[in-house]
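Look at the two complexes coming up: chain A is in both, with chain B in one and chain C in the other.
Here is the complex of A and B:
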């Protein structure tokens, strides 16, 4: 499989008559975009589209999901399969990417489960989405008493539709894009051509606990799957979509799935340091029987593939820590070495135990930071959304929002601040 | 016999066999621990997904209630959960305004609904899946 990402570099955003790309600027026809989103009868009349640029004194709150605009210009299927496109398999051909641009969905769903993005100031350093040119959809349900499942879906689809629409509208500018090529050989070819290299896989844990804790694979609710194997390239075309609004810091946004750095780095090192055999997708369900079933099945797949090692990324925390740890020790007992990527909830003083579960086999663990660290976010000149939500979102508390408009919260409240895919701006690097 | 132990009144009313604890999430955990000591098995994990103890006042745990020797896996999970809840500040339903409390109760209910359905525990038959056929040790003996 070969996938070319055609990256159009977006440097600025503006509203205008025709949606399209010219000289680094993405022009958005606001009325057309609003009309397309408003087609959904579940969304209300007072929805809006706004723009937020890096460096601006703008706060966006509460943020549900972040999506990178992409559109397939060649190859089978279309972006976000099973969601806003047909279910055909993706991951091959050419995909146009509006690099440096993101669609944000904002609005109240279940109030405490959404996040903050500051476009400047200290909070901006903690979220990668302060560095993107953001098209913000401020959404509301058509009926305030609407079932939350329905409204979550409407918000999810609106964001995906907007992202696909923006990229599709720039397809004519493809000749200006920079091309990044990813190749992934089938398992047999990889095994034959790289017999001397260790065989390594990626166990991709997805949050799947229920309303606002769900993730979709080709439109299928992942809590209902047995662990399965996908090509890492499929993820880049939006095969995995977030329906998640759990703690903002470590929910994997659709954007971070599309740009999963674990997959990108493993593909870069494939054929040099190891043979990247496959990506195994698994879930994080609520019952202990499901946890046991999925961890046993996912690690069995790793064993059947003859893997020597596996990278495991978690999503969320609390009882998903149990899934992470089961995946770890079950893989290790097959003789498969594991490296875990997670974040920590070690209390505001950092002194508490970081994970809710542990095992002796989990001796190679990478952290994305302590989500309980407290940060003060100064007031911004502009707020897109509802500032008062700071008092109720996870990581905030009653009184988080001061009269002067500043906010004191744990990092937990900042979208993507401790991403367990490692899609963050802060980290340690080996020089 | 499957049984829900919860301090969430909203969920309590929707479930076939449920015991309502009038107290905090920690009170739920401690009561479940006592039942585990008497031989009950945990069917759901005692910790929430993605909410710290100080961010979720409600706790609902599904058990298979029975008498006998303590199940060591269940005991280990519930002891660890109690330790975590005792080590940090918790919030109680009473200290929240009704709108926030309703959101927490709703999320707790929603996250349990799937599991309760799997075990045939919901009163609303439309959302009941077939109960799980888990082979019990006593069947083998």
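Here is the complex of A and C:
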């Protein structure tokens, strides 16, 4: 498999008559974008599109998902397969990427588990999405009493459609793009190459507790799958999509799936430090039987592939800690070495234990920080969305929003702040 | 102007006497006493010991609450910016007193508190979460080593400087997790650690896996027909509107709610405050998380004696173990006082 990412570097955004790319600027035809999104009868009449740029005194709250605009200009399938396009296999050919740009779904809250993105100030340091030029969809349900699952889906699809639309509209500018080439061998070739290096894989855990805690693979609800193998290049084409309303800090946004930094780093070190032969996706279901089945199946796949080691990333916290730990010790008992990537809930004072489960085999553990640590976010000049949601979102409390417009919350409430795909530089140490 | 420090020492270091004087009552003297001289030198003018508290080890151990309150009162008028206790080396009662005073002063005045102890001093295990305890040798022969390290850390804390890892600063690990920005992405750090582990090279985990409490279940209730059963949940069920504003995540409180005469929880009367699961079905019918309806059936059928007329609820989502322990202890106290036989705990 060979995939070329054609990156157009987006430096600024503006509204205009024709959606397209010129000289680093993405122009967005607001009416056209709105018209496309409002096709969905589940979305209300008062939906809007706004723009938020790095460094602006702007706060976006509540944010549901972040998506990077991409569009396949060559090769089979189309981005976000099974979601807003056909189900055909992706991961090869050429994909246009609007680098430095993101679509945010915001507006009326779906549920508590949505987040805050500050484009400047102290909060901006904690979210990767303060550095992107953001096209913000301000959404609402057509019926305020709409079933939350329907509204979640409507928001999810609106974001994906907008992201695909923006990139598609820039296809003519492809000649200006910078090209990155990724190659990924089939397993037979992969296994036979680099015999001197250890064979390793990536065990990619996806949040699938159900009831608004869902992730989709080629449009399939991941809680219904048995662990399976995927090529990292498919992930770049949006084969994995977030449908999550789980705490904002450590839900893996669709953007972070598309740009999965563990995959990026493992591809970079492939051929030098190890032979990266397989990526296994697994779920995090709620019942004990499901946890046991999926962890046994996922580690069995790693064992069948003869892997010497796997990197394991978790999504979410608490209940999924049990899945992480089962994956860890089951792999280790096969003789497969593991390194874990998680985050922590050590309490606001940092004095409590950070994980809900543990095992002695988990002796190589990297964390993306303590999500309970409290941060004060000064007032911003502009708020896109609804600031009062700070009082109810996960990580906030009654009184989080002060009269002066400042917000005091746990990092938990900041989108992507303790990303368990490791998309930030945050971590923790023990005093 | 130099920072103001109050120093705590025992009767021995004050030169009053040994074991025979260990019941010495607390007193405060202006300026330095005993090892305070060494601190004076180590502070190099950056801080000044304005007063020294002296208390006998036995007196403190036998009258902890009273001694603590008295000493806090003595300290108050000196308006300290920091509090130093000891060093206590391997003296158990002295270490415990130093730790207890550090914890009390930190809570009362919210100022940096520093002590020094040998790692096996029982005061370490009891108070390391509440105080900065510099690791010292096991006897007073280590004074020359202990004092400069304690003074250095105190000055850093007073100036509000960032405190490094235990091994860099010389204090005993407190078990408190603190965030920091690393140079690399967490993903890159993880792959680095992975490669080191694969190659059999040395690596340092960023989080040592915790060891958990294991609680043995109580024996079964033999006489259910006369048992009073209470419902307690971490699933966030509360009267509609969440009157106590229990947080959706990282709860700081629990609620106690009366269900006298309530046979069924409905969407009109109850909801969930929990932010960790999809609340749709709990909001539609809170009995799904807190089964009042079924318990009333069992009550009518005579299977149980009675459903307790109060239920307790908090949100388990992202809530620290420390808070959960605190809630649990308080809820149990109330349940026991009300004569409850057994509890059904529901999670989500």
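Convention: the second predicted complex is superposed on the first by the 421 of 431 C-alpha atoms of A that agree within 3 Å, B and C clash if a C-alpha of one lies under 4 Å from a C-alpha of the other, contacts with A are read in each partner's own complex, and residues count from 1 in each chain.
Basically, a residue touches a chain if its C-beta (ideal position, glycine included) is under 8 Å from a C-beta of that chain, and two chains touch if they have at least 3 such contacts.
Quick caveat: nothing in here was measured; it's all calculated off a predicted structure.
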item: Clash or fit, chain B versus chain C on superposed chain A; value: clash
item: Contacts of A:419 with chain B and chain C, given as first, second, both or neither; value: second
item: Which superposed partner A:337 touches (first chain B, second chain C, both, neither); value: second
item: Partner chain in contact with A:113 - chain B first, chain C second, else both or neither; value: both
item: Touched partner set for A:100, first chain B, second chain C, both or neither; value: neither
item: First, second, both or neither for A:159, with chain B first and chain C second; value: neither
item: First, second, both or neither for A:44, with chain B first and chain C second; value: neither
item: Contacts of A:62 with chain B and chain C, given as first, second, both or neither; value: neither
item: Which of chain B and chain C A:247 touches, first, second, both or neither; value: both
item: First (chain B), second (chain C), both or neither touched by A:291; value: first
item: Superposed model, chain A: greater residue contact from chain B or chain C; value: C
item: Common ground on chain A, meaning residues reached by chain C in one complex and by chain B in the other; value: 111-113, 148, 209-213, 246-247, 317-318, 345, 347, 352-353, 372, 392, 394
item: Residues on chain A engaged by chain C in the complex (per definition of touch); value: 111-113, 125, 147-149, 198, 200, 209-213, 245-247, 260-262, 264-266, 269, 273-274, 308-309, 311, 313, 317-318, 337-342, 344-355, 358-360, 362-373, 392-398, 410-412, 419-431
item: Residues of chain B touching chain A in the complex; value: 42-52, 55, 62, 77, 80-81, 84, 87-88, 99-100, 103-104, 106-107, 110-115, 118-119, 132, 134
item: Residues of chain A that touch chain B when the two form their complex; value: 110-113, 148, 207, 209-213, 223, 246-247, 251, 284-291, 316-322, 345, 347, 352-353, 356-357, 372, 392, 394
item: Partner chain A, residues of chain C touching it in the complex; value: 129, 163, 165-166, 173-191, 193-199, 203, 205-212, 245, 247-250, 252, 275-281, 316-318, 320-323
